[in-house]
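Next up: some structures, all given as structure tokens.
Presented sequentially are two complexes of chain A, the first with chain B as partner and the second with chain C.
Let's turn to the complex of A and B:
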């Protein structure tokens, strides 16, 4: 059926492969079973430092404050993934069909609500489950709905404006980090009184970037303004 | 109290079995579209499992990214690879017709 022929690995190869796989599964099972019953982990340390973190949700405190560097690198990974996709070629222009009225009306009603939902998730992340990645992915879902219903970005926004939004999250993160580095000598070491504001700033920028990056990943290629 | 624990065990057991079954079906399904739909269902079940493990943050991320966006990306990739296969088939038939 498919144009590309899939070559099946030989039976012997598959049998031989089974041994390391079983050994790996056994090792994993042993590792899980040998975990201590009551692991304290780092939750006590996190709880002790919550007051200086600027937020009241421990997960957000770890992601954006105590281990902010990891989240910075995650943003970079997301951007690099998109650059990889873009370097493979330009986006195939989808068949420009008029969307069915039901889809069109549904998207018209859903997208504003999803954008509001993303804003809520971003804001509530400081105190409850939520945050930039969740808000960004809801934003991306609304972007994908818009693409599916045939609403595309105006061509004049595809060039520099799109790229600016894509790097906004990482840019804000690095800018805050560098500013704090020059002010206090520590990368991403927020002053306790302003930590909440810095986290909200970074998360807002990150939400926009994540939303647009994931939508662009769905497009599956570099959008060409000339095409 | 007793009924609650039994109910929780039933719920957790069903979740674990459903997860294993969905994972196996997603991997073994010969039809890629079916596999993707099963993967999305797996992601939603996984989100429920995270809720049961009292990790609502991870559950949110799993539902939004794992089930929603990855599913959409996989479906888009499938549509594109089908397009590509169709085009290659067209090229091949066009080539043989010329001969």
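Let's turn to the complex of A and C:
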């Protein structure tokens, strides 16, 4: 731990820094405290349009229907972040060790349950808290668990199959959007009766992509088939 | 003071703590963590303030925005960590070079 590597600002600077920071926090706190006690925000508009949204969970309706653009662009952000990580270099190859039997059995039992859990969260998201992001996170957790316990994807899946799953979420989103654009003239404007089906389709694709993308981000680099 | 304001003010506190750490610490890992703490403060504030609706159910729009924000924060953190690891491997340093004002 050299002095250059961990240079700290002087004590005086840190003391003086406290003043503007406390003033800043005070300003923010004042702003929070001066907000009206009750505010409906956009909840009335959401409640009024829930009938046409195709789902009964307001958060899912906002995410996938009313503000579908946000979620579409968010899938793009995830993909771009992964491309950024991959462009920095290939994944560090860790020493491959055989997991101990206890860990192996535990992982073998946990991962199928986590995949089922992800499927449940995806399905229940239409009516209760849950949805593509929650399901994708659980899926990613199971993927990271598999990586940590020394199980890797077979090399033949690292190329095109992996990339296909990574772009599946964004691809399905854009495909549905473009199909609806050509059918009804509005991008991501679901037809009233079919909104639920479209949302489930997009969410299923997004769940897979989110899970695999987060797991790939955890690897910290491009997986090389020859490594 | 009701619990909504308590959580919102906690969010303000987290944001300020993170901002302090971001300024004071030179190590880039600490800066990345500080930005995450700041983000958590913003999320906490948004979710808390979304609960000010008169009815029982909170405003779903801030909640949806926070879900979006969490995913973006996670992926940005992963990219930042990968950049940090790359920089450390290339230069051996874990902090940005000092700029001397002449």
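Rule of thumb we're sticking to: the second predicted complex is superposed on the first by the 219 of 227 C-alpha atoms of A that agree within 3 Å, B and C clash if a C-alpha of one lies under 4 Å from a C-alpha of the other, contacts with A are read in each partner's own complex, and residues count from 1 in each chain.
Throughout what follows, a residue touches a chain if its C-beta (ideal position, glycine included) is under 8 Å from a C-beta of that chain, and two chains touch if they have at least 3 such contacts.
From a predicted model like this one, the values you see are computed outputs, not experimental measurements.
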| item | value |
| --- | --- |
| Touching partner for A:59 - first (chain B), second (chain C), both, neither | both |
| Contacts of A:218 with chain B and chain C, given as first, second, both or neither | both |
| Partner chain in contact with A:9 - chain B first, chain C second, else both or neither | second |
| Touching partner for A:130 - first (chain B), second (chain C), both, neither | first |
| Chain B versus chain C as contact partner of A:141, first or second or both or neither | first |
| Partner chain in contact with A:120 - chain B first, chain C second, else both or neither | neither |
| Winner by number of chain A residues touched, once chain B and chain C are compared | C |
| Footprint overlap on chain A, where chain B in one structure and chain C in the other make contact | 59, 131, 133, 214, 217-218, 220 |
| Contacting residues of chain A [partner chain B, same complex] | 2-4, 57, 59, 92, 121, 129-131, 133-134, 137-138, 140-141, 144, 214, 217-218, 220 |
| Contact set on chain B toward chain A in their complex | 56-57, 59-61, 64-65, 68-69, 72-73, 76-77, 80, 83-85, 88-89, 92 |
| Complex contact set, residues of chain A against chain C | 5-9, 14, 17-18, 21-22, 24-25, 28-29, 32-33, 35-43, 46, 58-59, 61-63, 67, 70-71, 74, 77-78, 81-82, 84-85, 88-89, 131, 133, 210, 213-214, 217-218, 220-221 |
| Contact footprint of chain A on chain C as seen in their complex | 5, 8-9, 12-13, 15-16, 19-20, 23-27, 45, 49-50, 52-55, 57-65, 67-68, 70-72, 74-76, 78-79, 81-83, 85-86, 93-95, 98 |
